[in-house]
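Take a look at the structures below.
First chain A sits with chain B, and in the next complex the same chain sits with chain C.
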Partner chain A sequence: MKQVYINSVASISAQKTFDNAEFLNDFIDHEAVVFPVVNPDYKAFIPPAAARRMAKGIKMSIVASKIALQESGLDQVDAIITGTGMGCLRDSEKFLSALIDNDEQYLTPTAFIQSTHNTVGGQVALELQCKGYNFTYVHASNSFESALLDTKLLLSNEEENNILVGGVDEIGEHTFKLQELVGHVKKEPVKASELFESNTSGAVYGEGANFFVLSNEKQNNSYAELVRVKMFNTLPKDQLTETIETFLASHNLKISDIDLVILGANGDADYDDYYDILSQGVFKETQQAYYKHISGEFNTASSFGFWLAAKTIQSQILPAVVKRNDLKSTGFKTVLLYNQYRNENHSFTLLKQC
Partner chain B sequence: MSKGVAITGMGIISAIGNNVAENFQSLIEGKKGISRISKIQTNHVNDIMVGEIAYTNEDLVEMLGLNSDNSFTRTALLGAVAAKEAVANAGIDDINAYNTGLISSTSVGGMDMTEKYYYESFDNKSVQKYIESHHAGDSSQKIAEQLGIDKSLVTTISTACSSAANAIMLGARLIKSGELDRVVVGGADCLSKFTINGFKTLMILSDTYNTPFDDNRKGLNLGEAAAYLVLESDELVKKDNKKVLAYVKGYGNANDAFHQTASSDHGDGATLAMEKALKVADFNPDNIDYINAHGTATGNNDLSEGRAIIRVFEDKVPCFSSTKAYTGHTLAAAGAIEAVFSILALQNNVIYPNLNFKTQMKEFEITPQLELKHKPLNAVMSNSFGFGGNCSTVIFSKTP
Partner chain C sequence: MDALKQELKEFIIEQLNLEDVNVEDIANDDPLFGDGLGLDSIDALELIVMLDKNYGIKLTDPKQGRAIFESIDTMAAYITEHRAN
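Presenting the complex of A and B:
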C-alpha cells in the first residue's frame, strides 16, 4: 500500500482563492443568501469563444484543473475523478424550462448535453486529452468524498500514479427557488462573518470548484498526506463521538493527537448540533475551524474544506477568518475534517503533514 | 490482480421482465419489450418506441409496502425492487451482519417528478416532498434504507450510459482492497420527458424497433430498468459457504477524449477499456467466449464499437450480440442489466440473439450472433459506453 499525497491545489470559490500564492489574505464579507464566486480571468485559460458556450461549472472546473495541473509540474494525469452533487444545473434547468414552456418544441441539444452529470469530467478529459480512467460521483454532500475515496484506492494500490480529483457545483436559479421554498436556505441575507450567530434555520448557499492533483509519489512541495476518507450514509447523533474515536483508533490516533478539526457547520440552527456535539464535546480543547461562512453551502463545499486543510498544513498558518477558537497557532500536523448535510452523508477525512 | 470477485446475488426489473427468471425467459424466447410509450404524456408518442416497465408507480409502491406520503421517484422505486431481489437471491437475512455498502448509479435521478411538478411545486404543498428527491444521490439513499444498510458506504456514480458498469467496477475494487466485506452494486433509470426530448434533439432515436449492428439502423429506443448484483469477499463466501453465481474477473475504464457525445471513428476509448479489462483479468482475447456489446443501434456507436472489437480481437472476434433490441437502451442501468444477462449466459451456457438484424454493415465483416446458441461459456465481456467519452468494460467468468 503506497501513501497518497496532495501535490497541488486549486480553488475557485466565493473568496479570492484562485491564486495559490495567497491564502485568504482578503476576506470578502458577503451579505446574501447565496454567495457568488470570485471569478478568475477565464480568458487566460480558455479561448473566449469556447468559454461563452461553456456552462459555469465546466468553466470553473477547467480553470481549476489547469491551475492544479500546472502547480503539480505534470503535463498529464492518469485519471480524472469528479464529484458533483448536481452537475451543470443551469443547463438542466434551461433544457427543462424550454421543454415545458414550449411544449416539447424548438429544443436544441447543447443544454441537454451539458446537463449530464459527467459533462465536467468529460470536458476536462477533452481539454487535457486524457484518455485514462474517468469517473463522476454524484452523491449529494458525499460526492467529493466519494471521488477522494476512489482516488485513494487507485493510488494506494498503484493502479494509477497521478490523479486529478475535484469537486464542483453551480447555483441554478430555479432549483435555488425550490430549495428556498422548502426552507433549506435562510430567509434573510446574513453577513458571512455573522453566520454562526444567526441562530436561524437554513444555510447560505454558494458554488465553486476545487481541484487537486493527488499522487503516490511525494514531491518537495507536496501539501499533505491523505491518510483516509470514510463515509456513512447515516450516523445517529448519539454515536458520532464514539464513531470518530473508533475511526481515529484504527489509525492509532487519539482525540488529543488531532491538531486541527475542520467542521462543515453551515449556520443552520436545525442541523449544526452535529458539529456542536464535537466542538463542545471531545474537541473542546482542540483547535477548531469552520469554512462554510466564507464558501457558502453546496454539495461539494467540503472540497473547499479539503483545500483549507491542505493549505493550512503546508503553510502552518490558520487564517483568522476560519478560526473558531484560539488554542493553537502552529504545529498543524494531523488534521481531521468532518462534514454532513441535513443529517445525511457524513464523512471523516484525515490528513497528515508529510 | 487476476483473482475474480464473487457475485452471490442478482436482481433485475426491465421491459422484458420483473425479476431474473422472467428476464431470462424473454431472452431465450426472443421476446422484445419494446412498445409505444404509455406512462408518459409526450408529443413524440408516435415518433418513438420505448422499453417500458408494465408496473405503474402505484403498483411498485404497493410491492414495496411504502406509505402514501413517500417521496420515491420512479428511479428509486425500480431500484429498490431490483436491489431487494438481489439481496434475497444472495440469501442475506441480516444486511448489517457484515460491513455492507451500496454503489448505485443513475443518470436521470428524480427527473420524472421534477419535470412533472416543475412549476406546480410553488403552489401545491403536497408535491414539495419531491424537491429533495431530484438529486442523483436520493434514489441511492432510499434504496440503502430499503435494504437496511446504515452507517455504511453508500454512493452514486453518474457517467451517462456507462454508469452501472462503473458501479460494478468500483464495488469489485472495494472488495479487493478490503474496504467492504459485501457490496450491492448496480443502477436504475426511469423514462422521463427530459431524456426523451434530449435524445430527440440529438436525432438518435429510432421511430421503430432498434436494430443493433444493422447497416440500416435508425437509432436507439430508450428504456427503463434497474438491476443490482451482490459482491462478496472470499472470506465471506468461504465462511458462509455461499453459492457463487459468477465472478467479476476484469474491468477497464477509459475516456475517448474525442467529443462530448460522439464516439471516435475507431473507438479509441472502447479499445482501451476492453484492453484494460483483459489485462486486469489476466486474459488473452481468446479467453472471451461471448461479448454482450453496448450496441445501441445508433450509427455512431455500432460502427465505433465494431471497429474497436476488431482492434482488440483482430481476426478472432468471438460471438457477440446486443440485447438492446429486447430492453431498449436503459442508460445508467444498462451496464447492470447486461451484467445480469451476462451472468445468466454463463450459468446457462447460452448466447442471446441480436434481434432485428437484417443487413450486414458495409464497414466491416463481423456479424452479430443471430440465433439463440448453446455453447459452453467460461467468460463473457460486457461493454458500456457513454456521453462524455466514458467507456467501460467488465468481464464475468465462471471460475475465480
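Presenting the complex of A and C:
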C-alpha cells in the first residue's frame, strides 16, 4: 500500500482563493444569507466557444482543475474524480422549468445535456483531454469525502498514480428558495465574522469548487499526506468522542497528537452541537479552526476545509480569520477535519505533514 | 423583414449565450455555422425548436436546416414564407 500525497490545490470560493500565492490575505466579510463566489477571469482559462454553454459550477471546476494541474507540474492525470451534492443545479432548474412552462413541448438540448451530476467530471475531462477513469460521487455532504476515499484507494493500490479530485456545488435559485422555505437557510443576512454568534437556526449558504492533484509519489512541494478518510451516514451524539478516539487510535494517535482540528460548524444553532461536543470536550486543549463562515455552507464545503488544511500544513500558518480559539500549536504536523451537515453524513479526514 | 432579422439576431445571441457578440457584429449574410458565427449541431437543434415555438414552423426534414440556417437572410426569408404565428 503506497502513501498518498496532496501535490497541488486550487480553490474557487467566496474568498479570493484562486491565487495560490495568497492564503486568505484579504478576508471578505460578506453580509448575506448566501455568499457569492469571488470569480476568477474565466476567459483566461476557458475558450469562449466552450464557455458559452457552461453553468457556474462547470466553469469554477474547470478553472480549479486547470490551476491544480498546472501547480502539480503534470501534463495529464490518470483519473478525474468529482464529488458534488447537487450537481449542475442551474441547468437542471432551467430544463425542468422549460418542461413546465412549455407544457412539455419545445424542449431544447443544451440545458438537459448539462444538467446531470456527472457533467462537471465530463467537461473537465474534455477540457483536459483526459480519457482515463472518470467518476462522480453524489452523496450529500459526504460527496467530496466519497470522491476522496476512491482516490485514496486507487492511489494506495497503485491502480492509478496521479488523480485530480475535487468537490463542487453551485447555488440554484429555485432550489435555494426551497431550502429557505424548509428553514435550512438563516432568515436574516448575517455577517461572516459574526456567524458563530448569531445563535439562530439555519446556515448561510455558498458555492465553490476545490480541486486537488493527489499522487502516490511525494514531490518536494507536496502539501501534505492524506492518511485516512472515514465516513458515517449517522453517528449518535453520545458516540462521537469515542468514535474519534478509536479512529485516531487506529493510527496510533491520541487526541493530544492532533495539532489542529478543523471543524465544519456552520453557525446553525440547531445542529452545531456536534461540533461543540468536540471543541468544548476532547479538543478543548487543541488549536481549533472553523471555515464555513468564510466559504458558506454547501454539500461539498468540506473540500474547502480540505484546502484550508493542506495550505496550513504546507505554510505552517493558520490565517487569523479561521482561528477559533487562542491556543497555539508549536507546528501543524497532524491535522484532523471533522464535518457533518444537519446531523448526517459525518466524516473524519486525517492529514499529516510530509 | 428588417425587424424579423433584428429579432433573430437578438434570439441567437441570447439563447445561444454568445456573450461577446453584439447584434451589429452579425451581418445579414454572414454564415451562421462553420467559419462564420461558429454555431454547431447543438445550436442547430436550438434553432429548429425556436422555429417551432416562436413561428409555428415544424421542420420535418432536418436536412432542410442546412439551407434555412445558412444566414440571417435565409432564415428570415424562410420564416416570412412559412410562419404560422
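Please note the rule applied: the second predicted complex is superposed on the first by the 352 of 354 C-alpha atoms of A that agree within 3 Å, B and C clash if a C-alpha of one lies under 4 Å from a C-alpha of the other, contacts with A are read in each partner's own complex, and residues count from 1 in each chain.
In the analysis below, a residue touches a chain if its C-beta (ideal position, glycine included) is under 8 Å from a C-beta of that chain, and two chains touch if they have at least 3 such contacts.
Source: prediction; values computed, not measured.
With both complexes superposed, B is the one of chain B and chain C in contact with more chain A residues. In the overlay built on the shared chain, the residue A:C130 is in contact with chain B alone; chain C does not reach it. Looking at the shared chain after the overlay, A:V38 reaches neither chain B nor chain C. In the overlay built on the shared chain, the residue A:N102 is in contact with chain C alone; chain B does not reach it. In the superposition on chain A, contact of A:R53 is made with chain C only, not with chain B. According to the touch criterion, the shared surface of chain A, contacted by chain B in one complex and chain C in the other, consists of residues 105, 107-109, 113.
For chain B in complex with chain A, the residues that touch the partner chain are 42-44, 102, 106-107, 109, 111, 114-115, 118-119, 121-122, 128, 131-132, 134-138, 140-141, 144, 149-160, 166, 170, 173-174, 177, 179, 193-194, 197-198, 200-202, 253-261, 268-269, 272, 386-390.
Those residues of chain C whose C-beta lies close enough to touch chain A in the complex are 16-20, 38, 42, 45-46, 49, 52-53.
Every residue of chain A that touches chain B in the complex is listed here, in rising order: 80, 85-87, 95-97, 99-100, 103-105, 107-109, 112-113, 115-119, 121-123, 125-126, 128-140, 142-143, 146, 149-150, 153, 156-157, 174-175, 177-179, 181-182, 230-236, 239, 243, 299, 344-345. Residue ranges of chain A in contact with chain C, taken from their complex: 48-49, 51-53, 102, 105-110, 113.
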